[in-house]
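Naming follows writing order (A, B, C and D), and every chain is counted from residue 1.
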Amino acid sequence: MIIIMKNSATTQQIAQVVARVERDGFTAHLSQGEERTIIGVIGDDRPIDRSIYELYEGVEKTVPILKKFKLASRDFQPEVSQFRVGGVKIGGKELVIMAGPCAVEGRTKLLEIAHAVKEAGANCLRGGAFKPRTSPYAFQGMGEEGLEILAEAREQTGLPIVTEVMSTEQVPLVAKYADILQIGARNCQNYALLTAVGKSGHPALLKRGMATTIEEWLMSAEYMLAQGNRRVMMCERGIRTFETATRNTADINALAVLKHLTHLPIAFDPSHATGKWEYVLPVARAGVAAGADCLLVEVHQHPAEAWSDGAQSLTPERFHTLVTQTHAVAAAIGRA
Amino acid sequence: MIIIMKNSATTQQIAQVVARVERDGFTAHLSQGEERTIIGVIGDDRPIDRSIYELYEGVEKTVPILKKFKLASRDFQPEVSQFRVGGVKIGGKELVIMAGPCAVEGRTKLLEIAHAVKEAGANCLRGGAFKPRTSPYAFQGMGEEGLEILAEAREQTGLPIVTEVMSTEQVPLVAKYADILQIGARNCQNYALLTAVGKSGHPALLKRGMATTIEEWLMSAEYMLAQGNRRVMMCERGIRTFETATRNTADINALAVLKHLTHLPIAFDPSHATGKWEYVLPVARAGVAAGADCLLVEVHQHPAEAWSDGAQSLTPERFHTLVTQTHAVAAAIGRA
Amino acid sequence: MIIIMKNSATTQQIAQVVARVERDGFTAHLSQGEERTIIGVIGDDRPIDRSIYELYEGVEKTVPILKKFKLASRDFQPEVSQFRVGGVKIGGKELVIMAGPCAVEGRTKLLEIAHAVKEAGANCLRGGAFKPRTSPYAFQGMGEEGLEILAEAREQTGLPIVTEVMSTEQVPLVAKYADILQIGARNCQNYALLTAVGKSGHPALLKRGMATTIEEWLMSAEYMLAQGNRRVMMCERGIRTFETATRNTADINALAVLKHLTHLPIAFDPSHATGKWEYVLPVARAGVAAGADCLLVEVHQHPAEAWSDGAQSLTPERFHTLVTQTHAVAAAIGRA
Amino acid sequence: MIIIMKNSATTQQIAQVVARVERDGFTAHLSQGEERTIIGVIGDDRPIDRSIYELYEGVEKTVPILKKFKLASRDFQPEVSQFRVGGVKIGGKELVIMAGPCAVEGRTKLLEIAHAVKEAGANCLRGGAFKPRTSPYAFQGMGEEGLEILAEAREQTGLPIVTEVMSTEQVPLVAKYADILQIGARNCQNYALLTAVGKSGHPALLKRGMATTIEEWLMSAEYMLAQGNRRVMMCERGIRTFETATRNTADINALAVLKHLTHLPIAFDPSHATGKWEYVLPVARAGVAAGADCLLVEVHQHPAEAWSDGAQSLTPERFHTLVTQTHAVAAAIGRA
C-alpha cells in the first residue's frame, strides 16, 4: 500500500500515520515530493483494511500495491492449470465446447438433445436442474429428477455434465451427479456457496457476476482455491452496461486480461453474453479468437418450445455450424 | 405482451405467431400499422418466457405490458406497508434511523457503541456477525458469538437488532437472535436465500444488488412476499457505475421510483452508497429529502480502529449531527 | 506519479525506468518492499503521459499522485467562487433556481412562461434556442429568433437568461443575448467549444456528460478556466447507468464530491436527472439537501403540448410547490 | 408507438388519449386486455415526442415501434454499403487495416512510421493533427502542419489518410488534406459537427461515444446521411463500464448487432477498446472474428517515446504479427 498525503499535511500528521503503519507491524518509507509526501508501507498488508488509513488527518488517499488474489495469480503459478473431467482435458491446447439446453425439461427431450450436441461436436453436456429465475412464479427446474436424467445422458453419451448449484445445502446432492459444479452469475459473490464448493473439491465453473470486476471475480475463485480446490474454471458471460440492444455486454477484453493475470482455464458463454441466437455465432468466434479455452453454448431441439432462454438457444444445426466455425478460428490461431 | 412484427413480415408469418399465442392459451389482437403489424396478447402472460416469440420468423421484438411483480406492487396494495419491530414502527410518518458498526468486534465495544448510537438518536442497532468479504483472507465475522452480543445489547438498550444472514443454513440461527434479517447486496438475487427468509416469516431488509434493476429488485422482494412474509423493507445502498470517486453511486432516483411502484417501506444506506464518511452526512440528508422512510448508518467509536468499513463509519459525535440534520430535513418535508 | 514494478523485475529493468524518469527531468525515489519495488517520481509530472512508463519491461502499473485539475481545485482556491449574473449571486448562501421551458417555442408562449416562473419564485430563466436532438428529423430550435425572444423576456421580467451554445461558431451570437452560456451534456468534452466559451469570458454552466467522470468533468471546466474565464458553474444532470426506470441516474454523491474538490458553484438539474415530472420534486429536494447551490428546472405551461421534454416538465403550479419545498429544505440545512 | 394505460385508467382517460392521437394526425387502435387497455398509434410517429403522451392521466408508459434511423437501416438498403477511398474498397470482402500513430509528432517520424505500417500490411494511414485531450495542458496536436505531413506521407506511400476533425470550423481545412474525416468518441453526439461533415460529402469514420447506445450512434450517422453523405463508416472503440482493468470495454456484441441493423461498413479499434498493447492482438482477432470490415490500430516506432497513447501502441513488428493473425482469422471465416 502507498499512502498519499494532502499537500497541506503537517509533519505531525505524517508522524501519526507513520506511527500507525508501525503499530500495524509494517515499515514506513517516506518519499518527499515537491507537492506531496508519499508513505510506502513495506510488508504484506493484504489482510489490512487500507481504508482506515484514509481516516487520518492529512491523508488524501491510499493505493494498493499487492494484488489481492494469490493462489489464482500467474505469479503463484506461471503455467496454465489443466485438469481432466471425464475424458476431457480442460485448459489444454484443444478447444472444449460445452453445450445443451438451459434447463432439463424432461427425460426424452434431454436424452435427445444430449445425443444431438454430441454428434454436432460438443465435449461436455450442460443443462440446469436448479434454475435461478428472476420471478418466483417461473419454472424453477426439475431438481434431483433433472440431475438423474443428466446422469443417464452421461452414461449414454459419455459426455461429462456441467450443471448449476444454487445453495450450500445443494452441494452434496449436485456433486453426486455432476462432473462440474456451475456457480451462476447471481451467486458469483455468494461466499457461503463458494466456500462449500471449494470444500467439496469438485471441479467448478465460476460465472462472472453482472457487475463483478475481474479482480473481484478472481477473489471469488480464490475462495474456492483457498479451500484446496484447484479445479476451477472462470466463465465470462457478459456484464451489465447501459446498452440494451443485447441482454448483456460480452466483455471480450476480460478474456485477454484473465490470460494475463491467472493460470485458471477460461470459458466463454456467448449465449448469455448476447441473449439472441443471431449474435451467438459471431460472438462465439470472437471468444475463441480472443483466447477462450472453452465455450458454453445453449442448444435446444426446438428453441421456440424451450421453457427458458429460448431466444438465445441454437438449434442443433446452427450449433453444428458454430462448432465448425469456431474450430476453424481455433486452428487459425494455432489451437488444435 | 405485445409482439412487434418486422415490416417484411408475411401474412403467413403473422398467422404462425397468432397460432402460437392461441396455443399458449391467450387471445391475439392484431393491429395493422402503416409500416408494421402489431399483435397484442390478451391474458396473464407473466409466467410465459416472452423471448421465445422472438424466435418466430417475421417477429422483430416483444414488449412486456404487465409488471412482473404483483404482491410488491402499489396496484396490489395502494397504502404503504407498516409493521412494528420491537417498539419501532417501520413505514410510518416518523423517520427511523438504524445505526451501529459494520461488524460486531467484541462484547465491550459493541455494548459501548450500542449505548452511544441510542443516545445520539438511533431507533435500531445494526451490526454484522456474518460478514461477506471480497477476500477469503479477511475477517469473516464473529458468528453466533456476535449474535449473542447483539442480543445482549438489545436487552440493555431496548433497540431492535438488524443483522445479515448469508446462507439458507444460517436462517434459523440468525432469526433466533435478530429482529430484522438483512439480505446483503451480493445476495440480492440469491433465490434460495430469499425463499428461506420468506419462509421464516421474519422481518427482512433487502439490500439492492450492485447491478440489480429496480424491477429485478422488486422481484427479489416478491420471492419473500410469495412465501407469505409481508414484513419486507427495500434498502437502496448505491449501484455500480463508471464513477470511481465514490465506492458506489447512490441511486437517489430509486427512492422516488420505489415510492411510486411499491407499498414496501424504503430504507437508504448512505454509508455504502458513498464509501467515505465525509460524504455520508449530505447524502443522508438527500435520502430523507427524497422520501426514505429509514436510514441505515455505520457508526464506530474509533473508525480508524474498525475491522472493516472504517472509512465510511461516523463517530458517535458525527452521527449525532446526522440525526439532528436529517430530522430537520424530515420536518421540512412534513415528516414527524 | 508512482511506478509499481512487477515482483519479477530485475535490477537492470529498474535502472532503465529510473534512467527514463531522470531523462524526463524528474527525480526517482526507490522504495524496496518485500514483494515489489516502487519508484516515486518527484516533480510536476502532470504534463507527462504516464502510460508510457507502463511500456518498460518489469513495470506493472503506474499511479497518478497529483490531481490533474489545478485552477478548478480547492487547493488552488479554498473559498467557493461567487459571481453575479444580472442581479443574481451565484455561489452564495441563497439557493438560486433557474427555470423555464426546454425550448423556446414562440414569443407569446415564452413570455407567458417567463412571467409564470418568475412569479413562482425563479431567479433565472432557462430556454433553448439551439437544441441538440438525437434525431436529425426533430425540431432543432428557433435559432437567433429564439435568442431575441429570450432577451425580450429578460427585459420584461428582469430574469437573467441561461441558454445553450452548440458550436464554436455560435459562441459570439449566443453570448450577445445570453447571460450564461450553457454547454450541454453531449458537448462536455467538446474541447474546441470549451476553449471558445473560455475565451469569450462569458459566465458558463457546464453540464456533466453522460459518462464523464467527476475528474474529467473538472478537467473540462479547467479548459475554460485556463482561458481566464473564472465564472464557471458545474451542473450535475444525471449519468448513464444500467437502470432504465429513469432517463438518467442522478449522481447525488457527485454534489458532495464536488463541494470537496472544487470551489466552483454547483448546479443540479432534477428534470434531466430523472426524466419524469413525478420524480422531479423529491429529487430536487434531495439535490438541495446534498448541497446544490442552484437548481435548473424545466417548466412548461402545458407540458403535454411541449415540443420537447414534455414528460419531465413541471406545470407552473407544480414548480411553485418545488420552489416552496426546496426553500424549506434549504432553510433546514442553514441556507438562506 | 403503443400507449399502455394503467389498469386503473377510466373510459374518459382513454378517450382523451385517443383524442390526442387523432389531433396529432394518427389513427388510434384500441386493444382491451384483461388488466390493461393498449392504444396502438397508426402512422409515422417518428417526429413526435412520445413522452408527452405519458403526461395524460391514466397512461402508464409508451413504447416506440418504429426504429428512429431510416437511411442507416438495413430496411432502407439491404446490401452493405461499399465505397472506395483512394485505391481501398471499404465494406468489401477484404479486411481493411488502418494503422499509424495516435498523433503526428513530426515529419521524419511520421514518414518513417507510414512506410513501416505499409510494409507490415496496412491499407490506410491514421494519425491525428488535431487531438482531443482531457487536459488543456497536454499536447493538442500539430494542426495544419500535421495535415501537410500526412499528405506528404500519402504521396510517398499511396496510403489514404484518416484523421480527426474536432469542430465545424476545421471541416474545410481537414477535408482539404484527409481522405476520411474521423469524428472522435467525444464528438459522437456533437450534432453541429456531424451536420458539417455530412454537408462536406467527405468519407467519414464515426467513432462510438463512451456511453452512446447503438441506436443513438446510428442516429448520429443518420445526421450525416440526411445531408446526402453516404460514405459513412461506424467505428466501435469500446464503451465505458464499471470495469477498470482496461481503458474501455470493447463491445464485441455491437459488431454483430450493427451487421444486423445497418448497411454501413463497420470498423473496430482494438487500441482504444483495451488501452494496453498486450491486449490489442487478441482483441483485434476477436473483432475480425465477430465480423469487423476494418481495423483501426495505433502503431508507433518507439511507443515509449510516443507523445500520447504510448501504452496502447504497437511496434511495427507487433503490428506485423497482428496483420498476419487477423488475416488468418479473416480467412478462417471466409473473408479474402
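Please note the rule applied: contacts are C-beta pairs under 8 Å (C-beta built on N, C-alpha and C of every residue); 3 or more make two chains touch, one makes a residue touch a chain.
Predicted, not measured: the structure shown is a model, and the values here were computed from it.
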### Summary
Contacts shared by chain A with chain B include exactly C, D
### Task
Look at all chain centres (mean of CA atoms) and spot the one farthest from the centre of chain B.
D
### Query
Counting in whole Å, what is the centre-to-centre distance of chain B and chain C, each centre being its mean C-alpha position?
30
### Query
For chain B and chain D, what's the span in angstrom between their mean Cα positions?
38
### Summary
So chain C residues touching two or more other chains come to 211, 239-242, 244
### Summary
As the complex stands, chain D meets chain B at residues 2, 4, 7-8, 29, 31-36, 38, 40, 42-44, 63, 65-66, 75, 211, 240-242, 244
### Task
Using the touch rule from the top, collect the residues of chain A that touch chain B in their complex.
20, 46-47, 49, 51-52, 54-56, 68, 132-138, 166-170, 186-187, 189-193, 195, 209-211, 216, 219, 222-223, 226, 240, 275-277, 303-312
### chain B partner contacts - residues on chain C that touch it in the complex
211, 213-215, 238-239, 241-246, 249-257, 259-260, 273-274, 278-279, 282-283, 285-291, 325, 328-329, 331-333
